[in-house]
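Note that the chains are named A, B, C and D in the order they appear, and that numbering of residues resets to 1 at the start of each chain.
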C-alpha cells in the first residue's frame, strides 16, 4: 500500500491530542492506577496499523492507545474505559493495559512479552480462517529479554506464520536503561531465530511504512514473519508520574524525598567500600541525568517531523489540526460529562 | 448413561482420541498443538493432516500463549503440554491470559481453548513428572478443570471441553491413559508393572459419543456411612477401599467429582448430609487445594460432618517404594476411613 | 512485643528496607536481584554497591531460576518479581526447582532464597497487577509464604526469611508498602486517594530488630463470639469490622496468620474452638486456596464451627467502583459476620 | 589446561560401560520410569567436565550421568539412586533426572532449558564466593527453543557471568526433528545475545577440549560467558525404549501396533484431503526412517574415534579397558547385591 502522508498525520495528530487529554484527565484523578502513553510512538503505529485490512489482528502491549485509535476504536469508549466506566470499551473491566476489541481482533496485555505469543496465535487463526491476513506484535526493547517473546519469534518462523514483530525501542524499560541489561543487537536476535530483520528510525513514518509494507506483503504471501526494530522516545517517561522524570523535572522538590535516605544509606558505617558506594551513587545520578536527556524529543518528535514535511500546504494543515482538536475536545467533553 | 445396546468397549486413551476425532471431523476449527504430536497423535495426523496437528518446538510459553490467541481468533485449539508439571514455564498464559480475557474484555471475547496434559504418578518417574496440580489450577478464576476417571467420561468430557466457550484444562492420568505408561515408564519392557485401575483403563463408552456435562459429579457407589470423594485414579482406589469397608460392615459412598472446577456443590452436599462423613482422596498436594475447598463447601452449607483427607503431602519421591506411600493408596484410604468411621 | 522504650515508629516500607539493610550489613551473602532495583532499592544500592544490588533484565524465569541456584551456591538472594502477578512467567523456577531441590537432593541441599513481591489491589490498576496469590503459592510443598500486616511484622518476618534455610515468598501489600502506591498508582498526584490501613502503613517497630517467627500467628484483637482470620490488609479491614461488631454487642477475635504456609494450626484451632465461628477474610481468590485450607484444618481437628468467607471471587475488575466490591471490604466482612453470628 | 587423551578415554570408556550396565539393569525392571542415557555425549562431557576445578559448578539436564561420573560422583551411589534406594546419591528421592551433589556443586533438572538459569545462578554465587571459578550449563538442541534458556544467555552477558553454555546438538528432541521446529542457526542465537559462539564436532574430544579451554579461561578471567555448539548422536534414541527406535529396529512387531489405527484413521471418510493425508503419512514414515539413520553412530562414535587415536599403544589400551570393565562390573554387582 502507498503511504498517504495526510492520512498518517491526521491519525498521529489525533492520537497525540487524545493522549494529551488523557494526561489531563489522569492528573485530575479521574483515571486510577498507571497510565502508559504511546506518545512518541505515533509514527510506528501509523506506519504499521494504517496498512491493516479487515481480518488482520494486532497484539498490543501496555501502550495500546494509539494502535486502538488508528484501527478505528471509538475514542469515547477508550477514555470511558480508562475512567473505569461501564460504557467503556471493556465495560470498565480491563483498563488501559487490557484493551480488547474483538471486532478488530485487537488484544492488549500488561505482561511484558506476551504480545509475541498472542500475535503468533492470531496469525495461526488468521491463516486458517482468513487467508492472506496477518497479525502484528508490538513490544518494547525491554520485552526483547522476555523468554516467551523470543520463543514466539522462533515459533512464527517454524510455522511460517504471518506475523510482523515490531520492537519499539525507547532505550528504557521503566527506570532501567535497556543497554545496561541487554546483550548483543536486537536485530541479531531475530536473525538468530531465522527471520529477516530491519532497523529503522521509528520517528520517520515513511521509513516505518515502507519497511512494514514489505513485511506485510511477505506475511500475506505466506512467506513467514519478519522483525522491525524501530527507535522512539517517550517524552512522558515510562508512565505518567515517572519517578525519574519527576526528579529530572523538579529536582529540588523531588530529589529531597530520595536524597535524604540515599545519602544516609551511602554514608552508613557498615556496607560496601567507599569506592563501590560512590560507584552506586554515580549509577543513580547517571540514571536521572540520562532520563532528563533521553526522555524528551530533542527534535525527534515523529509528529513535528511529519508536520515539517506537510507545512508547504500550510492552510490545509492548520485547518485539519483545528478540526481534529475540536473533534477530540468534543469527545473528551462528552466522556467527562457522562456518568 | 445409555443401555448396553448402544455401548462399546474402549481404552481410556482411545476414548479421548475417538471423541477428539469425532469432533474434529465435524468442526474444522479444532486443531492440535503440542510437542511430539506427530507421533503421539499419529492417528489424528494421518486423518486430518499437518495443518490441524501442529508439532511445536519446546516453547510452552509461546505455544500455549499462541493457543490462547488462536482461540480468540476463532479456532478451537487443543494445546498439549505433555505433562502438567511442564505448565510451570507456561503458567502466565493460563494465569494472566486464558483465564482473564473474558473478564477483561467485559464479557465480549471468549477463549474456547482446551489445555490437555497428562498428570499423576505411580510409575516411578520422580517429582517433576508426576504432579497432579488440578486443585492448583482450579484456584484461578476463569479456568475450568476436568479430570476423568473412566473411558466414557474421558471421551464425554473431551467432547464437552471442545464445545465449551471458555478455557478447559483436561487432565488425563498416566495410569489410565496407558500410552503414557509405555512412553515414560515401561518403554516396551515387560519387566515392570504398575497398579493400573482396570475399570479406568478400559470400559464401556456410548456409541455414538455423548458429552458428559462439565460440573456434574457421578456417584460411583452408593453408601450411607461415609462419603469418599475424589477424581481420577483416586476414585478407583476409593472403590477398592469401599469394597473392603463393606466386608467390615461399613457402607461407603464413592463420589467422582469429574470436574474439579466448577465443583458440583449440590451433589457433594447431598451425599455428605446423608453420610455425615467426608473423606477426600486427592493425588494433588494436600494443602490449599481440592481437599480444603471441599471442606469449605461442606462447612459453608452448614453441614456438620466428620472430615478427613488422604492426599500427597510433599514432593513425590522417585523411589517406587516411597512413591507408593506418598500417593493416596488403598491402605491409606482405609486407615483414614476407619478413623473417621470411629469418630462420633 | 517489647515495651515502648525499645520501639520506634516506621513505615511498612522502611521497616522492610531497614531490616534488610541490617541483615545485609552483617551477612555478605545477602544480595538483591530484580528489575529496576537500582531505583527501587536506591538506599541499599548506595550503601552496599552494585555487586549486591543487581539490576535484572525483564527475564523473570532466568533471574528467579538463577536466584535458586545462587542460593544453592552459597548466597542468600532476595529476588524481586515486582508484582506477584508476574510470577506466572517464572513459575517453573518456584514449582519445580526452588520448592523441590531439598527433597530431590535427599535433604542434602538447601535453597535459602527469599522471593519478594508486591501484591494486592485497591488502587485501580486492573486484574493483571492486583492479585494476591498467597494461597496459590502455598499449595506447593516446599514453599514458605509470609504476608505481614504491620511494619513490625514486615521487618521481623523479613529477618526470619533471610535466615530461613528454605525458600520463602515474602509478599508486601501495595496498600501497606506505600512506595508502590506512588509508583503504580498516584504517580505524584494528590488527586487520588486510597483506603490505606493506617495501622499497617506506619507503626511501632522494635529497636533493634527482632525476628518474627515463621509459622506463628498473632491475635490482633481478643474476642469470644467469632474468629475473623486472614492476612495483610484483610486484618485491618477485619479490625474495622470488629469495632463495629463490638458496637452491636458482638465480640470478634481477629487473628493475623502472618504466615500462610506453614499455618499455625494450633493457634487457629484454639481460637475457633473458643468462638465456634470462623470467618475467613482473604484477598486471594476464594476457591481452592487459603479459605478452604482453613476450613479443612478446623474440620480435621474435629472442631464443629460455623464457617464463612469473604474473598476475591473472580478476576479483579479495573473500575475502582467494581474493584471495591470485589475486594474483601469492611461492609462485606460485616455482612458475612452478621450472617454467621445469627447461625445457631 | 592441556588435554590428556588417556585420561579422557578412561573417563569416556567408564561412562559408556556404566551406562551399558544401566541399560541392562533398566531392562531387568530394577529401574523405574524413564532413562535417558548420555551415551554418545562422552566427548562433550570429557572435553568440558574434566577441565573443571574445585569450586566450579555444573547444571545438568536429563542426561547427567556421564557428567556426574566424570566429576567424581561414586558410580555405586548413582546406580543405587537410579534403583531408588536409600543409599543412592539422593537417598532415592531424586532419580536419574534429579541428580544432586552439593559437594560438586552439580545439580540436574528434568525441565528442559532449566540448566541455563541454574548455571547463571551458580556463576553468580561462584563469582562472589569462589572467585575464578565457573559454571557449566549443559542442554540439548531442543532446549534452545525454551525461553528461560535464551533469557539466561542474555542474563549471563548482561552480568558478565562466568558461564559456559554447552549445547549438545543431537538433532532430535524426543521424536521431533529439531530442524523442523527451529529457525535460524543456533550459534547465531548466542551471538544475538552478545556472546562468542563456536560450532564444533562434539564427537571429537580434542576439539571440545580446546574450545572449552578458551571459554573457561575467558570465564575465569571475568570476561563473561560463551557458547559452544557441539554435535552428537544418541544411539539409544531419546530414552531407553524410544518408540521410534523400537519401530525402526523391530518394524514388523512394533509397526503393527501403530500402523493399524493409523491406516484406519488415514482412510477414514471424514478428514483432510487425500493429498494432505498422504503428506501426513509421509511425515511419520520420514520420522521413522530418519530415526533409523540418525540414531546410530555411523562412524561418529566419540569413543571409538578416540580409541583409534590411542590404538598405537595397543597393549596399554586393552589393559586399561579390562581394568575399567572389571571395575565397573564390581560396582554393578555390588549395587545389585545390596538391598
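General remarks:
By our rule, a contact is a pair of C-beta atoms (placed from the backbone, for glycine too) under 8 Å apart; a residue touches a chain by one contact, two chains touch by 3 or more.
Just so we're clear, the structure is a prediction, and the values are computed from it rather than from any experiment.
Summarising the inter-chain layout, the chain whose CA centre lies farthest from the centre of chain B is A. Taking A-B and A-C together, the chain pair joined by more C-beta contacts is A-C. Our note on geometry: chain A versus chain B, Cα centroid distance of 42 Å, whole angstroms. Per-chain CA centroids place chain B at a distance of 33 Å from chain D. Counting partners per residue, chain D has 88, 90, 92-94, 98, 109-111, 145-148, 151, 154, 158, 180-182 as the residues that reach two or more other chains. In chain C, the residues that reach two or more other chains under the touch definition are 51, 56-57, 59, 61-62, 85-86, 88-89, 92-93, 96, 100, 103-104, 126-128, 315, 317.
Listing the residues of chain C that touch chain A in their complex gives 21, 24-26, 35-36, 38-40, 42-53, 55-62, 85-86, 88-89, 123-129, 182-189, 191-192, 315, 317-322.
Taken in their complex, chain D has these residues touching chain C: 57, 59, 88-94, 98, 100, 102, 105, 107, 109-111, 114, 116-122, 124-126, 128-129, 147-148, 151-152, 154-155, 158-159. On the side of chain A, the complex with chain D involves touching residues 145-151, 153-154, 157-158, 180-185, 188-195.
Remark: chain C residues 61, 85-89, 91-96, 99-100, 103-104, 126-128, 135-136, 138-142, 260-261, 263, 285, 287-296, 298-300, 302, 304-309, 312-315, 317, 343 touch chain B in the complex. For chain C in complex with chain D, the residues that touch the partner chain are 29, 31, 51, 54, 56-57, 59, 61-75, 92-93, 96-97, 100-101, 103-109.
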